[in-house]
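What follows are several structures.
Below are two complexes that have subunit A in common, paired first with subunit B and then with subunit C.
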Partner chain A sequence: MTDILLLARTHVVTALRERVTLFWFLVFPIFLLTILALIFGRIGEESEIHFDIALVNRDVGAPADGFSARIASIFVEMSTAKESGERPLFSLHAPSLDESHDDFLAREEQALRRGELAAIVVIPEGFHEAVLATAMAPIMPDPPSFEVLMSESDVASEMAAGIIEQIIVEVDREILVQMGRFDESAAIGRAQVWVGEDAADEVRYVDFLLPGVILMGFFTNGLFGVPGAILFNRDRKVLRRYWVTALPVGRYLVGFSLGHLALCVMQFVLLYLLGRFAFGARVSFARLDAALLLVLSAVTFMAFGFLIASLARTANAGMAIANVLNMPMMFLSGLFFPTGGLPTFLAVFAAVNPVTYLVEGLRTSVGVQTASTSPILLLAVPLGWIALSAAVASRRLRWDVAR
Partner chain B sequence: MSAFVHLLLAEFRILRRSWLALFFTLIFPLIFIVIFGFLFGGIGEVDRSRMGLVISGPDGELLESVIGDAGTMEIVRYEAVEDLSTDVGERVVDFGLAWDGSTLRSFLDPSRVQENFAFQQVVEGMQDDFDLRRQGLTNPIGVEAVHVGPSDAAGWFNLVVPGILAFSILSTGLFAVSGHLTEMKERHTLDRMIVTPMRPVALLAAIASVRLVLAFVSTLITLFVAIALFDLSFDVSWPRYAVFVACSTLGTMGLGTCIALLVRRPSSASNIANALAMVMMFLAGIYFPAEFMPRFLQVLGQWLPLTHMANAMRYVTGVLDMSAARFWTTSAAFLGIAVVLFPILGRYVVRPLRR
Partner chain C sequence: MTQQAVLRVTELTKHYGDVRAVDGISFSVEPATVFTLLGPNGAGKTTTLEILEGIREPDSGEIEAFGQRLRRVDRATKARMGVLLQEGNFEAHLKAKEVVALFASFFGRSVSVPEILDRVALGEKANALVKTLSGGQKQRLAVAVALVNDPELVFLDEPTTGLDPQARRNMWSIVEGLKERGKTLILTTHYMEEAQALSDWVCIMDHGKLIAEGTTRQLTADLAQNTRVEFRAESLPDVARSALEACCLGARAEDGTIVLETADLPRTMQALLEWSRKHDVPLHQLGVRQPDLEDVFLSLTGRRLRE
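So, the complex of A and B:
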């Protein structure tokens, strides 16, 4: 037993001494969790997003309390911080007093094309009169429009244009209510229903992300760590030193596996603590099914690592195979992005990918996803990969360099 | 000059035999393009989604007309709200809408955290429109979105493809010199070359020249595959494209030479190059706009070479505008990195492994 524990400790200590190992197994998952939580966890929260937009009000003859001025003032208001230190939704660019509208527009359009600006709002001449006429007409004609110049190739620009459109919908309603045209008592009721057993509220992005990043950590640990440790130790003849002792391969394997699982536990604890205390994740893994799935994931990816080690002739070849499989297996699994709507050849890859089932199983077990696959399949595919990997590795994996 | 020509031929032969280098330079960017093209193509695109609908109140035709105007999503009709709710949960439909004559309810799966924002926006738009039309009203103010981007066929993926090209140049460049030199050291081939009168910079120039051609071919293949597979259109300025790919590849190879100073094994060089490239990929706005990132990360992104490489690639492929001065400055900066770093670092990196 002591030899097994010593081997496990050796594996952990060796892995933690390698700066590269530390980067991929600890630093990178932490970086990914941080960056994705900071970026995607805030989509939809207007106070966290910021756009540079420009505004040109060509309706200079309109009254100061007219519709044109009112719309302009809404954008000015939305580009003013409500509290000190807060960043407003918009940074507003407006022409200076001595600058012509055409010159300003030409310059800002250029900035829009260069991706330095998200949108340009252009209120046309005669806009106030046209809106007044439309709102007063017994049968409302097509509404007068103002232009929002944007770039379809720029996601930020599209998003800014969408937000501007939403703002105007609110203004529209206010105008109609004020003019007595819209009867608020006859307005429809609106409700949003979250579907699911315990779906009292929307799942927060960080709660959805955290199980995925933990599995990604286990995955890279198995995919790179296992063949890396086995093949480099074999090629550098470190393993040969073990074989001249009385240590059988089986006991080495048990010690190695324990060490690997200990690394996974360390990864889990660090990522969970970061998710919980830095990003406020509320997801709980303190459930038997979640714990079993975490163990199954670590074992599946470790077995996968042995499969790679048995297919590669050298350590560099092992790393190359792991590199080739890494991206497709990680991204075609639903770990970070939904995989619905993939073409058949990629859908087949996702269907045989064990990560697909493990991530769905784990997210379902912690209550951040509704299962769309049967529980039997969720377990059968990873177990199948473990069996296949064990069978191939037991036949093909060489534990010493050829003499 | 004669040494350089011989080294060039030797490097070409080495590359031709190295299936791994060829695979990672030529095929790997294609894997990126295929995966991300299909994967990201559907996210948030409500027009390609399925909406479940239950109408059990008056004004059903009006609601259907509002939904028809809202987009081209597929509509699946249900008799009962319970069936709709079940199918939303089981992802038979993406989201649902139910009208009972007084309330328009939306049904969403809480675990679709990445897509719900888009679904909610569409539902809100339909609710607003339906509310007004029921009272015989329309919006008094219209909003006309006018595309003024540089390319007629612009779309989100048009912007991502040049970013992936830039990323592939960066990863090739960072690893090309560092990986090859460390491999030569490990196999002791550098020991044999170092005793000849060969100048270190001639070896670096030969490695860089061969890998430059490969990187250029790789970007072309990737670009054409993206165009063919995803029906994209780019307005490529070929002379500027050639200049920029050459300058940026050489520049990133110069930066990669710094890695060769720090490591002794090809696997370490590969790991450092990969780690740097991956971190830069997330911060340089390749897959999502920089505006989504916190301010401090946006500032950090501006200091990364990949940010400027991606923007310049977008410029030469016609999907982003840039002043000519900025483009030439960026290209010259990358070329400058190579011109300065190769001769300076050559004498330090082209030396045998310490024993």
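So, the complex of A and C:
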């Protein structure tokens, strides 16, 4: 057992002592999380950012100074041109006087699907009365909701939803302060509706991003780290020194894999802590399904690395294959941005890309995305890649330089 | 050869495509001796060793190690062997002591890492990263790794190739130390002087075949018994050649040196000095040299070892 543990330690120690490896495996994912969270996570603070949203106030019977009207007026206010000439945050679409709410909603929903609109806010009928009743009740029941329709395939939609969420939080606080019940509970809830999907809970970009960046770390580690370590050590005849000892290849493989998984654990811990404490991510991975998906992801990407190592004749060829696969596999997977609306050939690539399923599975398990794929498929595709990689590697992977 | 051979090889063959890298060689290695495979680059020495080390499988032939007949060298046999590869690296970012501890774990033995590093004079470099070690230090680390399981049989494949003279001397000391401790060593080299200095038994290989074997003394006595008289001269005119050949067995020019082979040194020297005086030809760097393994290889193949 000592040999396996020392081999695992060797893999970890050499990765951590090698500056280039350290950069790609740990520094780069941290850097990426920081950059993306800073750019997109505080999107509402940037005055030049602009979204088209639609607003439907179905609570027509409510008083003019009621909660429904006050919420609607906030959106109107935020879509009004400022005296400074700065462009307002929102362009507001509202139904015309001679148009029914249903017709308007149907039309705007199509615009949302086409990406011409970032979100649709729907204040339901009786909303004012429901808020009032909730706020006055001795024990606060579940708060009434209004709907925010968003497009799953559009990152702008998610950003707009994040801003709308902030608006609701502020209004909510104001209502509760007025009622003397601040801090007790929420008076308004919000049903977030992904167009074409079931309702999901609130999603902040950093919560959406963090599982993606963690998987990107695992992905890079597997895609580059595994063939890099195996092929460079093979070509430099580091491995040959092992094969003239009593060490069997199988034990080396176990030690190497353990070391690789240990590096993944380190990546996860660092990125999670950074996301949580630096960017306020609230997403929690303390669930069995999330933990299993993290392990499945690390193993799938490691297997993919062995597949590349099997197909490459030299270390440089291995790195070239990894480079060719890296960007398309990462960006056509939904790691950072949703992949809806891709052209057919790219959609096919995304459909066979294991990253697509792992990131969707992980985000679903931690509650920041609603699965559009069956759980069986979410597991079957990565497991299929593991089986394929293992089969190819067991036949083709050379552990010593060719004569 | 006796029955107690540590290693016995019979009709070993290995092809790479159309090339017969090892062509039906047979030999045996006695315990507590230094057995040397000598030959030029490409002679088949390293392929032979790689088969015996378990890296490659032979096409045909038999291997008997420690009394066990093997088709291929197995783990149990490897556990009793130590190998210094001709080429091979360690993880550049490991410390010397970490490398030794790692390799010790492969054999399930509890060795004292400081002791083994001291044995190869690397005690002070225990915490140094491999990438910071010099070529000679890396080679000594490789020796430490080869000895980490206290092996009965040690393979040293071209142990001094690429080392400076001082590092080469250090390596020779290590080999002599192992010999004194009763280890059996199999050495390959293309340095004639190394084979001559360290070997108890020498097998000369060329084009995948064993072309001669024996002790250094036997080989030189049998195959290159004539003494060499040498002096510096750029060329040997035909007139001079016929005059000199009259007093020796043969005369030839090699790299600015005239070499006379003789079985009667006093007669040859007397004739040479007279010829020099008579023709007023100075004999720069005149010397007498006993035949060595280089001469043996030359007499067997017509080529020098390093050609």
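As a working rule, the second predicted complex is superposed on the first by the 246 of 403 C-alpha atoms of A that agree within 3 Å, B and C clash if a C-alpha of one lies under 4 Å from a C-alpha of the other, contacts with A are read in each partner's own complex, and residues count from 1 in each chain.
The criterion applied here is as follows: a contact is a pair of C-beta atoms (placed from the backbone, for glycine too) under 8 Å apart; a residue touches a chain by one contact, two chains touch by 3 or more.
From a predicted model like this one, the values you see are computed outputs, not experimental measurements.
Visitor: Taking the superposition on A as described, I'd like to know which of subunit B and subunit C A:Arg241 touches: first, second, both or neither.
Guide: So A:Arg241 only meets subunit C here.
Visitor: If we overlay the two complexes on their shared chain A, which of subunit B and subunit C does A:Asn316 touch? Say first, second, both or neither.
Guide: first
Visitor: Using the superposition on chain A described above, determine whether A:Ser145 touches subunit B (first), subunit C (second), both, or neither.
Guide: first
Visitor: After the superposition on A, what does A:Glu174 contact: first (subunit B), second (subunit C), both or neither?
Guide: A:Glu174 sits against neither subunit B nor subunit C.
Visitor: Answer with first, second, both or neither: which of subunit B and subunit C does A:Asp103 touch in the superposed model?
Guide: Touch status of A:Asp103: no partner.
Visitor: Using the superposition on chain A described above, determine whether A:Glu77 touches subunit B (first), subunit C (second), both, or neither.
Guide: neither
Visitor: In this superposition, which partner touches a larger number of subunit A residues, subunit B or subunit C?
Guide: Larger number of subunit A residues touched: B.
Visitor: State which residues of subunit A lie in both footprints, the one left by subunit B and the one left by subunit C.
Guide: none
Visitor: Which residues of subunit A touch subunit B once you look at their complex with the stated criterion?
Guide: 20, 23-24, 28, 31-32, 35, 38-40, 42-44, 48-51, 67, 71, 87, 109-110, 112-115, 118, 120, 131, 134-135, 139-140, 142-159, 161-162, 164-166, 168-169, 171-173, 175-176, 181-183, 186-196, 199, 201-205, 208, 232, 315-317, 319-320, 323-324, 327-328, 331-332, 337-343, 346, 363, 368-370, 372
Visitor: Would you pull the subunit A residues touching subunit C in the complex into a rising list?
Guide: So the residues of subunit A touching subunit C come out as 2-3, 6-7, 10, 13-14, 17-18, 233, 236-238, 240-248, 400, 403.
Visitor: For the complex, which residues does subunit C have touching subunit A?
Guide: Per the stated touch rule, the residues are 16, 53-56, 75-76, 78-79, 81, 83, 85, 87-94, 98, 101-103, 105-108, 129, 142, 145, 149.
Visitor: Give every residue of subunit B touching subunit A within the complex, in rising order.
Guide: Of all residues in subunit B, those touching subunit A are 20, 23-24, 28, 31-32, 34-36, 38-43, 48, 85, 88-91, 96, 102-117, 120-121, 123-125, 127-128, 130-132, 134-151, 154-156, 158-159, 266-268, 270-272, 274-275, 278-279, 282-283, 288-295, 297, 311, 314, 319-323.
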